[in-house]
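Notes follow once the structure below has been shown.
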């Protein structure tokens, strides 16, 4: 405790970092940020931007950057990204902003990229599944895992799927994203002994659209797999990271 | 008209058959039976036993037998079958009673079995799908079609499915029954140019159980197929019969 | 194999066409296109534009055009069509762009229109069902079928329906699109021995709106018909094409 | 008030009847019975037996009989009917018990049957709809209306329906009961200017079963009609009675 | 027939009116209009504008005006109304356009307003229910009924409701529109012997919003009433008109 | 701590009571019982018997009796009650077993009945709501509250409701149970300033049955009230107890 | 009565206030306003702006201000607030407009702020829950209660929750708002004996989004709490006010 | 191949084992059994007994025993178990039958128990979750994993949960089963870096019962976890096995 306070006193630790160290969370203007999540849980807290104001998103991202040297944001709108760029130009000019679709990762100049000796296979059935897979990919890459991305192998043309089975087998863990009827994760899981995390995707119209048919089908799957919510790429990526860390050990954050 | 009345007068036509000829339906004690359906529609009316009393089922079956020389009944309970056997022992001692699971076909001694130069492929994913496939099989066989039955080729063990692709290709039309996530009809339809009629089956528990996941997935299928209701084996069989008759022409009933 | 490579070498076959020939699919920048679908399945792959970026739609359409001499696109937005027109003016200036509502067909100058000796009856209950019927019509016409289109014969004015029964009987296969309560396919299927494919349409407001009442009613239909998903005109048209090809034989693609 | 109390005093009015007269309801051991409903509303309170113990059903029926000279009960189980017969043999030996399916009407010897110069058409699509129509019929007949019952005219054999249009036109008000896809009320309402009350029936299995497809379809009907809940024959009959009373005037209860 | 053709020949009847007379419907560019509906059904066809293009709405309105001297349109958008005004300024400059919310009635100069000796009570629970009640009011007024409109008497302040009971009793038929929990029609129907048609309204947010709670509650109502779909003011008004015509006789259209 | 252990040693405290005192819960053969709940939460843990074996129910009840001198059980089947009576005859012969419908309270001879100076009004709409109200009543009475029970005042006969308004006003807190459309809690809450806890009841059939219409309507209520789940009489009673204790103070358990 | 009329005559009472006094409600151009609600129910009527036109919102707010010296409005859009500001600048220039998110309170210069000796704890799980908590806070503060607001203590970082337990215990009543899986109210209610009113919040995407998972989970909670509808902050606040007034007595409005 | 045939010839391999070796599946009288699943997938096929006849269950179990030296069966009824015991007494008298609730494992005398250096933590919230956890436990134990079972630590008494956090941290992978609101997996996953597989359990009544609230809440969880279907203990156990094998390597079957 004394050490911490000394560090604050001599400026090597900000008050926010000290609070995070002591309480496990930091209280900023946009709420309490769970800065201790990455050490406690092995994965950082991601900021779900949807439903928040641009100002709240910026404040949370700055707190994350301040205390954990990076920020992960999902489902970010164009307005929110613009506000973030503007704010960070001031508050963290050295930070790098990586964007894929609606997923954003801000990396501070002090960030110490961990390494993780694992390969996460990330597979999509079709073009519309890619943004969800991107969300998963960013969180796995943040943890240092190697990504083997296989796109567009839906079962309507089964040859596309079967051509890639060896890659599915070689991964430590597989994330398979599919919309419509969501058959791809079931077909893949039936062929390999790699654990499969399935992500239903909100494509398709009519009955069972918005990913509900895919979700229900994956829960009913005649093979063994586990599931995350519709479009929940971040959760799939984080769960794959936890499993990868369990497999290969993990450098502590 | 005069001919019909003469035939009634000299006993070669029963009043019921004459009414059926004139009106298209017969009015019996358990309701109006659509005796003209097989000539008008190409497929006979089936009696859905579920929700009817045993007495109603018997009366309808006897009317069907009287006017069309046979009766098709679906979702028949043990009590209803017993009542039917007892009643027919009296009223139609020469009739043959065929039963598969809950589907029953009563064939009168005068029935003139049509022939239909078509092969209907009937496929199931697993053991629990068989009674639904049986319902389809009985109606196709009643029309004289050849049945190629392929059981238990669900996608959890894809080798089982792929081993049968040639048989799927050789059929004129395919009926594919599957419960749980219902992926099998999608996988098969992606491999062949035979028209596929998919039947979701009410197996499975939890979310999407009772066939709802399979139905939604089939409606969302990324391949081309058409669908009937959950467990609706009779409808699938009758639709396959209509298509088969369109392909190969059909002896008029 | 050697033949294929020679053809690539002397420029009579593009590398994409060669890949399609060998693998059954082509890998372009917007994903893997199932170029072999029309020979394997008897119907071409359609590009569902909804949920894709304009750039992805253009890339997929160009791949389809390159490998199969035409492209079918459904649920295309105005922005996507504009992007497509602009891109094709460059890449395929001889191609023809046909548009009906949100359905688009791009036909290359080398396209060899197949013929199919079949009449597909396409029927709508009301004005709002027409775009869905258009989607079906384009895919049947692409396969060379004759279309008999009968619009606006919903059961609220039953005389409109009954006046057209002979046309319904004369078709090889019928596609019937209806929203609201969706009674029209049931009424028509009760009158004819033509196979009926019913398409529920997402009209109507309140409980059972968005086509759900029509879908449920068609699945529960007291007559025999099969069903595709709400608004799934393409699937209905493609299934009608498969049945027509089974009836009348089909020129190979 | 004094008159009432005098009548109680001299025994021409029971205390229960006096309470009913004064408060509008009677408090018995099984709850407060709304004895004034028939004078206030024009239709008597019916006792929904489902979910009540046999003792409660008996007590409520006896209170109804005591204060309004008859009792209407719906969805009565065999056990409840047996308990009722036993109890009434003691408490009201002169009462007549009429039963149709699960609907029961107990008529006291003092009951003064009203007359109502109206014809209520009650129509069913098929055999399984009859018990629901019976429930409606009993309440209309209780009010003295003439019933024109037309059974088994579902749209699968449209000739059956069209043969009866004149009878549908001649009724003052129509109750049409139909399960499965529930198309019959829509078809009939499109042909006549009689007000139609539609009753969805809980027949059918699979998606939209238990009457939900029929209900949704009737709410979405492209014609004009109003709806009661699934299997709610009593409500349909009572609403038809109110309309009939409005049309032809009504003898006060 | 000859008479009709003579009338067409000498110009006293347009071809559209003659077609309507003969077939019961008119075939225009936007579909078949059921011009005979008002004579056959006692109520005119209304044009549901939602889901149609402005051009289709205009064409249908012009056909209605041509053949029945007026047009009723529901759920009309501002764009559609503007298009209608522009078109009618040319094609029917003498027509009057009445608008209430999203409901529009166009009356031609030759329209012969019928009279109907009935009072329809139209009641709302709150401010948001008014547009739905307006839709009902326009169709009843079109038929010549007297309207007694009572707004804003929801049960949260029961005194407001009870103050109006006499007016509810004096109507021939009541239309009661209510959103949220939809208790008002139940409370009113419990107090009077006037037939009540309940209209659930799509107000409210959260679980049971969009009118679903009100609809379910009205179908479950412990009193007697019948129901139309959520927001279906036109259907309620038309059904009230049919009942009013049955009560008081009706001048033929 | 030492005190506790001494008490165990000299037998004035059982090991179970000591464990409960120390940990807040007791580990028995049927699971961990939350013996500290009544001191921590102000209300005891109730044992939901549904879904447990008779042996499990007995073991949990005995643990509850052992550590808190009584046991509350809800949704108990006849078999479970029989097993309980048999077991307690041995293990706790002095205990009293109170039963109302499916709710059971076992009171040990050492139980020190608390008093609570509050009146909880418990109101039902009809006969079928009574068992749910009983469940609430038992838990409030267990805490020592005075109960004012008002049965059978549903809004179909509004006079029954209005006659009791003064009693509703005089309660400290009201529990109102209603099935079907669930209008009663809304009507009562609109008339009084007593806090109302509404309990939807699983009566009614058809759409919105099983209490879903009542639940949705109560959540959408145009007045102010809070809600517990369908049939959750225990939760309503316990919440009313917590509020009563907050109002009148409470003797510590 | 005479007094009231005299007061109107000499101008000390407006006609609106007199009507409110006599009838319990005021009839303005936008409907009947329940001015007596605060005296009858202990809480004022709030105006739900959603679904109303700006003109209707202004008219209702002015009536509220006129008769109760303030107006509470929920779910107000920017356009509606602008219209309100403009109108009040004229009609009530001394009034103060308080806004938090979409909740607005207008306080007239004559408003006599009541005091209420109660502390309402208002707790949120995360940032997106705050606007719902704000709605609750405004209505409690309007009644004069002290608010203890605790934000951002969701269970994903349980230390944040446990750090605040003493504050939860010290409140008279707790309002806990949570979206996603809605676990926070359950966890808090398990730790304290304060009555908890849970508010599910419409955050989250995919299955169970829009607050439905949180609502269902709260209704199923294994602890004791009561629930209001999704996002219904006003109802939670008003219910907490009623309970607070019951606990601490309340100055009459 | 020749080797296999020799082995069959000299009797060291049964024809079934040879077929399994060659095709990956065995065709018996009750269907094709996926004997190769354990080598291909790392987990054996389990036989879902629900929905199958006793004869089918027996035949499948015997095939499993014949080809993989043991059989796993889930959701087995008492009748099915009796039939199995009877049959195995004949066909495999040396086999051991292990039963926990409705899960059964039959182990042949030749079974070579694998070992797996992993600890799977299996946690339940309450008594009713135990049978689902048992199903998971049997499949993990079958693979040789060590099980750390922690029962009855639901969040209603949070101390029970927090007391076990170290055990949760020490497992390689956690399976957490919870019904009702399903908060336990969320709370645990927020505290540890062990991957959590959550199993919603079908306890609870009313809205969100049958496990639907728990499932939705787990999909919406604000922490990171993956989910299997309601009551799908087998799937959770098999997924945990796959992860454990990935972590610790695995002896090949």
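Read from first to last, the chains carry the letters A, B, C, D, E, F, G and H; within each, the first residue is number 1.
Going forward, a residue touches a chain if its C-beta (ideal position, glycine included) is under 8 Å from a C-beta of that chain, and two chains touch if they have at least 3 such contacts.
Small disclaimer: the values here were computed from a predicted structure and weren't measured.
Novice: Which chain pair is joined by more contacting C-beta pairs, A-C or A-H?
Specialist: Between the chain pairs A-H and A-C, A-H carries more contacts.
Novice: Which one, C-D, A-H or B-H, has the same contacts as A-G for more than half of its contact pairs?
Specialist: When the contact pairs of A-G are compared with those in C-D, A-H or B-H, B-H matches.
Novice: Averaging only over C-alpha atoms, locate the centres of chain C and chain F and give their separation in whole Å.
Specialist: 60
Novice: Averaged over CA atoms, how far is the centre of chain B from the centre of chain E? Could you give it in whole Å?
Specialist: Spacing between the chain centres: roughly 44 Å.
Novice: Could you state the distance in Å from the CA-based centre of chain C to that of chain G?
Specialist: Taking the mean C-alpha position of each chain, the two centres sit 53 Å apart.
Novice: For chain G, write out the residues touching at least two other chains, lowest number first.
Specialist: Within chain G, the residues that touch at least two other chains are 126, 156-157, 190-191, 206-208, 212, 215, 219-220, 223, 229-230, 232.
Novice: In their complex, what parts of chain E are in touch with chain C?
Specialist: Contact set of chain E toward chain C: 23-25, 27, 30-32, 34, 36-37, 45, 50-52, 56, 60, 75, 200, 202, 211-212, 215, 229-232.
Novice: Using the touch rule from the top, collect the residues of chain D that touch chain C in their complex.
Specialist: 125-126, 154-158, 180-183, 186-187, 190-191, 204, 206-209, 212-223
Novice: Going by the contact rule at the top, pick out the chain A residues touching chain H in the complex.
Specialist: Checking each residue of chain A against chain H gives 40-43, 172-173, 189-195, 197, 215, 219-221, 223-230, 232, 235-236, 238-239, 242-243, 245-247.
Novice: Spell out the residues on chain A that touch chain C in their complex, using ranges where they run on.
Specialist: 126-128, 151-153, 156-157, 159-160, 163, 203, 205-208
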